[in-house]
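For reference, the structures are reproduced in the following blocks.
Shared between the two complexes below is chain A, which has chain B as its partner in the first and chain C in the second.
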Partner chain A sequence: MSADVRTVVAAAADGCEDPHIFNDFGCGFEAPTTSLFFPTPWLDFGLPATSGITKYTALLVVSVLIVIGFWFFTTRRAKVVPGRGQSVAEMLVVFIRDQMVRPGMGKRGDAYLPLMVTLFLFILTMNVMGIIPGAQLPVTSNLAFPAVLALSIYLLWNIIGIREHGFAGHFKGKLVPGGAPAWILPVLVPIEFISNFVFRPVTHAVRLFATMFAGHMLLAVFAAAGFYLFNPDAGGILGVISVGYSGMALVGFLVFTAFELFIMGLQAYVFVLLASFYIGEAIEGAH
Partner chain B sequence: MNDRPGADGKPESRADGMTVVSYLLGGLAVWGGAGWLADWALGFETPVFLPIGLILGLVGAIYLIVTQYVRS
Partner chain C sequence: MITMAAEQENILRIHWDEFTFGLIAFLLILGVVTKMWPRMTKALDERANQIEGGIERAKKAEAEAEEIRQQYREKLEEAHREYARELEKAKEQRAAIIAEAREEAQTEARRILDAAHAQIEADRQQALVQLRAEIGSLSTDLAGRIVGETLSDSAAQSRVIDRFLAELEQGESAAQQAEVR
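Showing the complex of A and B:
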């Protein structure tokens, strides 16, 4: 549970002398912690192992609506000679096809292009929520969202592999390395199993989650430093130093916001590129 | 990330760094874990099978990387 406007206002009304945002009660200063990623739910149904309706849920719905709206408004009157919106949509599709899908799957990947286009725009929108003023929480900074996306790619990878090569063929291709003598296989097969069936989906999800988590934390620390270090009344040289540090933190905040935008695009790209490599490998069979 | 071979539409061989790292970590985790379990099950005070398992896992992982990516 992290504080937000509601808890801070409540704490101030409760007679708190020093309301602050970065702790659980909205009272007393604390540096930003990981409680940033556990927003206080707006509606809590009290179900076990659920978080209720939080800021994440709201931003997820907004992201879905943005993606649907983007495709609806750019392609609803598609013409042979595209207009401005349609050109943007077509450039995006061609970019994803040439940069992410074909390197991983070749020409056969065009069948999976709709999935990859949707995935890319969805992840990008969820990431960019982190720097939209007012939202400022990347949806993917909660492990649940990248985990579900990576899990669906993992299931698809298994389903396609089994469909293309049969049940035995798929697992043999993934577990038994080609060109190894039989006596060494008992050593190698567990390594292949843990590497292909456990570590790979986990890293696929954690890579996206961890970069978004760390980036959001970094921005929160810079923003908090810019705000709390600004203290011109400290007297003489101390006031000058504090304002200087505050300015440096705010410049850092701006620089890292721009950098985060780059990372958000890059991570969406990497997620979709890896998804296409995995599915391409399932189509191809034994490596 | 840029200028990947295979951008012309042909799938490349998957010699990406992540797979290599996950082989190494997987080898250490599986066989080191098996060694640790064996030590724990047999009640050894000083680990005996743990270092054996770690070395076996590392050797297996390196062998796997060599056969999959270096010699192919």
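Showing the complex of A and C:
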């Protein structure tokens, strides 16, 4: 039984003697709440706006170890004739280069390829933590982690833009759209500012966070429902019906788990693709 | 307890400790990937080089083979031409030999024929001379006997004989001509 389900069961058990369908106490279904995303800290720092050492921290460490280990062992002895591990790493790099980096930055993007490979592997691993039994909590469902990455890309975007076009050139290129008549600029510049300098990094982070959050919530609902519906002790036909319901929930859970895996890869792809487009745009200048 | 927690829980929270951990994690991975990066690119570049080198070598070998094939073809053509030339020459030689042999044979035949003619002529002359002498003496004998006197004068004798022979010859050639006709 996964950690999620245990949380749900604990929560449900608080208010009800028998948290199953057809119980004798008249308890309804308690849907899992967002407390799923607030694991109890194992070590609390006691400081404001901190979470302490939680499951997120642990899974973050695991993700880092997995990514570093994967990269280290596949490229440690990179040879002309590649082994299996090296081939996998190379395929991944070529995929990231051709599908994400080159569309956004062209050949110049090859310099940023290590960054993009890092982002992709890191995000994908953090996402996949959501369906690894025992972990079952995508690290990216905590906004802090997507925010770090989006903010890094945001800073890099500004730094590269200023380096390539100068301070004024960068901000002018991003705030004043070429070809716009002068009288509309007082309206346009604030819009561009909010759109490019505020909303864009926020949406970059929130897009990843929100999909992971929602996907995990969905899986938790299926898991909790499956547990709630499973009550063979209800007696007679009711027990059979409850098991049937529970089976349907299980099927839904499995289907959505597969779907989640796809979404996890897709979101990592989207994040890296957008990062590549942003940096490519900073290199290019006016948009 | 759940509701209380839910009130405190803001799903959009960014706690700075988690943020810092995330940053450290990101930089750690970025560091390792960047550190290991040259190994991969080096291997990739080397492989590209080797493949390019292989293609280069293959192209060279192909060109070489083509050249050799060309040479071979030229040689073959040359041999064919040579053969044709030899054949032509042989034909000519054969014709020449035949012509020569024919020429020689004709010459030989003519020579033999001439020699035969000469021989015949010589024999005839000889026979004629002999005959003339014999006929001379015979006729003298005969005339002496008939006339009863000996023609002691040698000059007169030969004059008589010559005249006689000339008459004889004339009659003979006339007879021959008549015969031919």
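By definition in this document, the second predicted complex is superposed on the first by the 257 of 287 C-alpha atoms of A that agree within 3 Å, B and C clash if a C-alpha of one lies under 4 Å from a C-alpha of the other, contacts with A are read in each partner's own complex, and residues count from 1 in each chain.
We adopt the following convention: a contact is a pair of C-beta atoms (placed from the backbone, for glycine too) under 8 Å apart; a residue touches a chain by one contact, two chains touch by 3 or more.
Here the structure is a predicted model, which means the values were calculated and not measured.
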Three-chain arrangement built on chain A, chain B and chain C clash or fit: fit
Which superposed partner A:Gly83 touches (first chain B, second chain C, both, neither): neither
Contacts of A:Leu121 with chain B and chain C, given as first, second, both or neither: second
Partner chain(s) touched by A:Glu192 [first = chain B, second = chain C, both, neither]: first
Between chain B and chain C, more extensive residue contact with chain A: C
Partner chain in contact with A:Gly247 - chain B first, chain C second, else both or neither: neither
Which superposed partner A:Gly28 touches (first chain B, second chain C, both, neither): neither
Which of chain B and chain C A:Lys107 touches, first, second, both or neither: first
Which superposed partner A:Val67 touches (first chain B, second chain C, both, neither): second
Touching partner for A:Gly166 - first (chain B), second (chain C), both, neither: neither
Touching partner for A:Pro232 - first (chain B), second (chain C), both, neither: neither
Closest Cα approach, chain C to chain B, once both complexes are overlaid on chain A (Å): 19
On chain A, positions contacted by chain B and by chain C: none
Residues of chain A that touch chain C when the two form their complex: 11, 14, 33-35, 37-38, 45, 47, 49-52, 56-57, 60-61, 63-64, 67-68, 71-72, 75-82, 86, 89-90, 93, 113-115, 117-118, 121-122, 142-145, 147-149, 152, 213
Of chain B, residues touching chain A in the complex: 1, 4, 6-7, 9-14, 16, 18-19, 22-23, 25-27, 29-31, 34, 56-57, 59-61, 63-64, 67-68, 71-72
In the complex, chain A residues that touch chain B: 98-99, 102-107, 177-180, 184, 187-188, 190-195, 198-200, 203, 270, 274, 277, 280-281, 284, 287
Of all residues in chain C, those that touch chain A in their complex: 1-2, 5-6, 9, 11-19, 21-23, 25-26, 28-30, 32-34, 36-37, 39-40, 42-44, 46-47, 50
